[in-house]
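Structures are listed in the sections that come next.
The same chain A turns up in both complexes below, where it pairs with chain B and then with chain C.
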Partner chain A sequence: MKNAILKKEKLDDFIKIMSKDEKVIAPVLKGNQSYTFTEVKSADEISLKYLPTILPPKKYFMPQHETLIEYDKRNGQKVHCVVEVEDLVIFGVHTCDLAGIQCLNMIFADRPKDMNYLIRKNRITLIGLECNSYCDEFASCALMGNHIPKGGYDLLFTDLGNYFFVEINTRKGEELIEKTNLFENADSNHQEELNKLRKLKESIFKPEVDIDKNEIPSLFKKKFESKIWEDIGERCLSCGNCTNVCPTCYCFDVLDIPDLNLKTGKRVRVWDSCQNEPFAKISGGESFREKRGDRKRHRFNRKFRYPVERYGKFFCTGCGRCSRTCMAKIDLKETIRDLIKEGN
Partner chain B sequence: MEKIHINNSGYEIVPAKIVSTRKMTEQEKIFELKLVHGLSLDHEPGQFVEVSILGVGEAPISVCSSPTKRDSFEICVRAVKDGRFSNAMHNLDIGDEVGIRGPFGVGFPAAKLEGYDIIMVAGGLGIAPLRSLINYIIDNRREYGKVSLLLGCKDPQSMLFADEIDLWQKRVDINFSCTVDRGAPDWKGNVGLITSLIPNVNIDPERTYAVVVGPPVMYKFVIKELLSKGIPEHQILVSLERHMKCGLGKCGHCQIHNIYCCQDGPVFSYNNIKELKGAI
Partner chain C sequence: MKKPKVAFFDFACCEGCQLQVANLGEDLLDILDTIDVVEFREVMTEKWDQGYDVAVIEGSITNEHAIEKIKRIRERSKILIAYGSCATIGGVNGMKNDFELNEIEAHVYQENAKHFKTVPTMAVSQVVKVDYFVNGCPIYPPEFITVLKCALAGLPYHVPDNVVCVECKINENICMYDKGVTCLGPVTKAGCNSWCINNGNVCYGCRGMVSNPNENSAKDVLSKYNISLDLIKNKMNMYNKCRELNKNEKDKS
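And now, the complex of A and B:
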């Protein structure tokens, strides 16, 4: 496979050329230590060193609000199934978030397939950006093995000082390089520098919790009745922040929004959260996860156990967003440590 | 933003016309539906459909008619307080249209039950999904061993399918019994919980399948009785109620541990869910 390099001073041209043809999205500083993925026109808007954005790039793959069908009931029950799409290049996606997108891919490609997601996904070009060191203390990417690239990108940028090492992973990525005509071929010295960084990363990134990752699902199974869930439930405010910011939380609600004429309208999909009390409620009134502790336990199991059993994949990427955003300071790593510590 | 039409979306609906309605109690109404263009729903007993009233929304509702009846199907809708969909549904009448997605999920394994004695237990609205199997078995009665049907509901006024129950009761090929939690002056039948009917059923546990459908609170007690009769765990089938919002195993509302009730269920054998805390 061919690799390339891009001198740092050419990044601005790269962004500008791409943004002539399509929307370019990148991490941008929005306030005190808060970053968001948003549209950019030039490189100086972009934060190359950034803490995981408030919302992960999930919002482009599975928008907070999207139309599934347009209806017209003036003459019977007529519907058109639609998907709203636009061509996007998302630049600067960390490897944890790339792993998150791969989790979403798994869910929405699982039969019955979700065409809205799959069609939209193909319109998005992904340019990853490797982390050379930890973003902050909330990350657990090494535990989940997501501090190193594992695919999921068209191009992967690695910052090697005055240039980016660029791994070309797809034909789409290669076309972007040809089109912009700013890249040079990577030679063995560049490759050597990349290898050095990767070696250095091995000493920086260590599993943040002292457990073999493969033991985590059975830990959660064993600890299903643990009092720790009750304690967490006492603290949890049930706000749903953790699910909103999670790169792999994909639960949704489906609602009808009639137009003012009440004859036509849309059926939309919006994000939902298993942390909300009515989430698992049925029309008879029963709620199957009534307590906050039950719901918190459900969420943790949906990251570390259920998807492993069902899809053979962890649904925690180690990005740390849930812990970073939690108003009650419920910390993911601390929770796993507590479960381990509790013993049998 | 560009808008693309998709023709293989999981959210596509097929219009269906209401061809008859029957009000059964103060709360429950039956709708007989016919899909357009003479399409057949082609469901299994115990499966459900997503019924949609455009502008109001969608709700998962089990099909309460047997697939042996091919040109139309029936659903039973209970109007609940503050239930936007169920109340809108009750306002519909003959000739009105709704949208249908499905059928969804794993229903009762009617073919696998052939050659076995069947004991069916329904509480409250549970009779609705179970009726698809009851009538399927009646239509294929020869294939099954002894068939028992135990029904329970709150009081005589809330009895569903009362006219049909009269017919089932009269059949010699069905052991029928019924109980109500609270009697009424003119009620001559049993009064008591549905569990009280089970000890009186004479069964050969090894060759019996039990099928249980009812409100969540009922399962634990009924299953305990069935197990004490010696019916093996894998021969006890339950249909679990959850909010199947999308029906496609995605939205998360109906999830029980690692299971999506809408795709993996709603019918489960007891041995597959007994370890899942909160499932029943």
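And now, the complex of A and C:
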């Protein structure tokens, strides 16, 4: 597949043409330097330069609240599976968030396969947007290697001044380009400019924590009993902000919600969080992770150690959301640095 | 099947929660298809002299007369639901417990004070067994309906023991702390779907604190915004004063 370019003045037409056929979602300023992925109808609503959104685009792949089953007990036990799905184009997804979606894809395709997720994912077109420089000081994308695109998109836009360089990664992306008829072929000059930007990025993005990435899982293993977790636990409010905003946290709860007649109703799936007090509580009131420090440690290990052991993949994308949103100012990079500093 | 007999009662409160029920609109019609309301002073004049399948209680318990009345209601009811902050956690009425009772009586009733003996404000569950709780000032109507359904179906309802931030973040609100405003979300029980913050207000903590709030850390967070400790304490006490009665009990035992 050849690459393409889109002149910036044509972005508005691109958004408008797409939004005629399906919902187009893009980053929009909500206020106070906070952005959200929201439906747009034109390019002027979109913030092309944005800090990672409050919630990552995972909310379209695994909605906060989703019906799985509708049941009816009036005549036997009838159940009827539901997949809430719609065609979506998500535009302007940063490479960190694309990496997050790649993690979710892996989890939900693992056995037992999650059909609701997989069906929904196939109906979503992803258009990435490369970051030319850091969004802010909370990011650790270079440490995790997600400052450069590594797939997971249909199209990838790179801002090169008065045009976007567009990498076509899938047949779906190619069809979108053909359909909208606004793109031009990229020539060697365009390619050269892209190479130049990538070269420049090498000097801007440096691993934010001084550690060989491959050493991180063993660091967390070694530091399992560290006092640092206790200290973090004393500061943690257990508000669950870090998990809700995390692009790779996928834990959920499933509940039955009866209608008022008590005969019909639905089974829903809602987001849950390992940071919540009742999450690891079982019958009899026993909790596997009673202390805040235990829960915090668990979350860090679920990003930097357990998934590496199981899937060969880090589940931190370096987006920085958890540190940005934490009221108690528990900082991911600082925590890793503290663990390193503590020594043996 | 005979419809369950449901009665609504109120103690020390503003009756705002009853108003929330009366204002349910179309949902109220569905509810009335399912239950038989036999007493509800706010909306009807009839009374009922037999047992109740469900009694729904608003208001906190503030004098001997109320203690006797709530005990009698409990005896006559199969299921008892406490709803609203006053009934579930004592609510703003708990502020009385900061003062000497005779001073309070004299201040309010002046020369008639001797006819109006008062006791420390208590949540309903501090006097009789409560089967279901609908926290909030006022109640969040969708949660009331959920609890009513659980009560009728014989299912348990657990008031979420997560903080309001959990729901607030899921609703993708801008954090009040990012706006430079203090908010009690980080220590307050969820279940209201972050109703106030969704509508631009802060959380006042009306649902009561989670069972294990990190008060020290919350105070640290608040003090970073140059708020005096006294103000923080007052904010936390506005709805939560009655929990001290439980603490005192624990100290005694």
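In the analysis below, the second predicted complex is superposed on the first by the 343 of 344 C-alpha atoms of A that agree within 3 Å, B and C clash if a C-alpha of one lies under 4 Å from a C-alpha of the other, contacts with A are read in each partner's own complex, and residues count from 1 in each chain.
FYI, contacts are C-beta pairs under 8 Å (C-beta built on N, C-alpha and C of every residue); 3 or more make two chains touch, one makes a residue touch a chain.
No experiment lies behind these values; they were computed from the predicted model shown.
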Quiz item: Is it chain B or chain C that touches the larger share of residues in chain A?
Solution: B
Quiz item: For A:G31, is the partner it touches chain B (first), chain C (second), both, or none of the two (neither)?
Solution: second
Quiz item: In the superposed arrangement, does A:A328 touch chain B (first), chain C (second), both or neither?
Solution: second
Quiz item: Is A:I54 contacted by the first partner chain B, the second partner chain C, both or neither?
Solution: second
Exercise. Considering only the touch criterion stated at the top, classify A:L260 as touching first (chain B), second (chain C), both, or neither.
Key: second
Quiz item: So, does A:E84 touch the first partner chain B, the second partner chain C, both, or neither?
Solution: first
Quiz item: Now for A:N276: first (chain B), second (chain C), both, or neither, which partner does it touch?
Solution: second
Self-check item: Contacts of A:C239 with chain B and chain C, given as first, second, both or neither
Solution: second
Quiz item: What residues on chain A does chain C touch that chain B touches too?
Solution: 258, 262
Quiz item: Considering the complex alone, what residue numbers of chain A touch chain B?
Solution: 67-69, 71, 73, 76-86, 107-108, 110, 112-116, 119, 224-225, 250-256, 258, 262, 265, 267, 272, 274, 279-286, 288-289, 294, 298, 301-302, 305-307, 309-310
Quiz item: What part of chain C is in contact with chain A in the complex they form?
Solution: 27, 30-31, 33-34, 145-146, 149, 152-153, 158, 160-163, 165-166, 169-170, 172-175, 177-179, 185-187, 210-212, 214, 216-218, 220-221
Quiz prompt | Contact footprint of chain C on chain A as seen in their complex | solution = 30-34, 36, 54-55, 59, 64, 234-241, 244-245, 257-262, 271, 273, 276-278, 292, 325, 327-328
Quiz prompt | chain B residues within the chain A interface of the complex | solution = 1-13, 15, 52, 54-59, 78, 80, 83, 86, 97-99, 125, 215-216, 241-243, 245-246, 248-258, 277-278
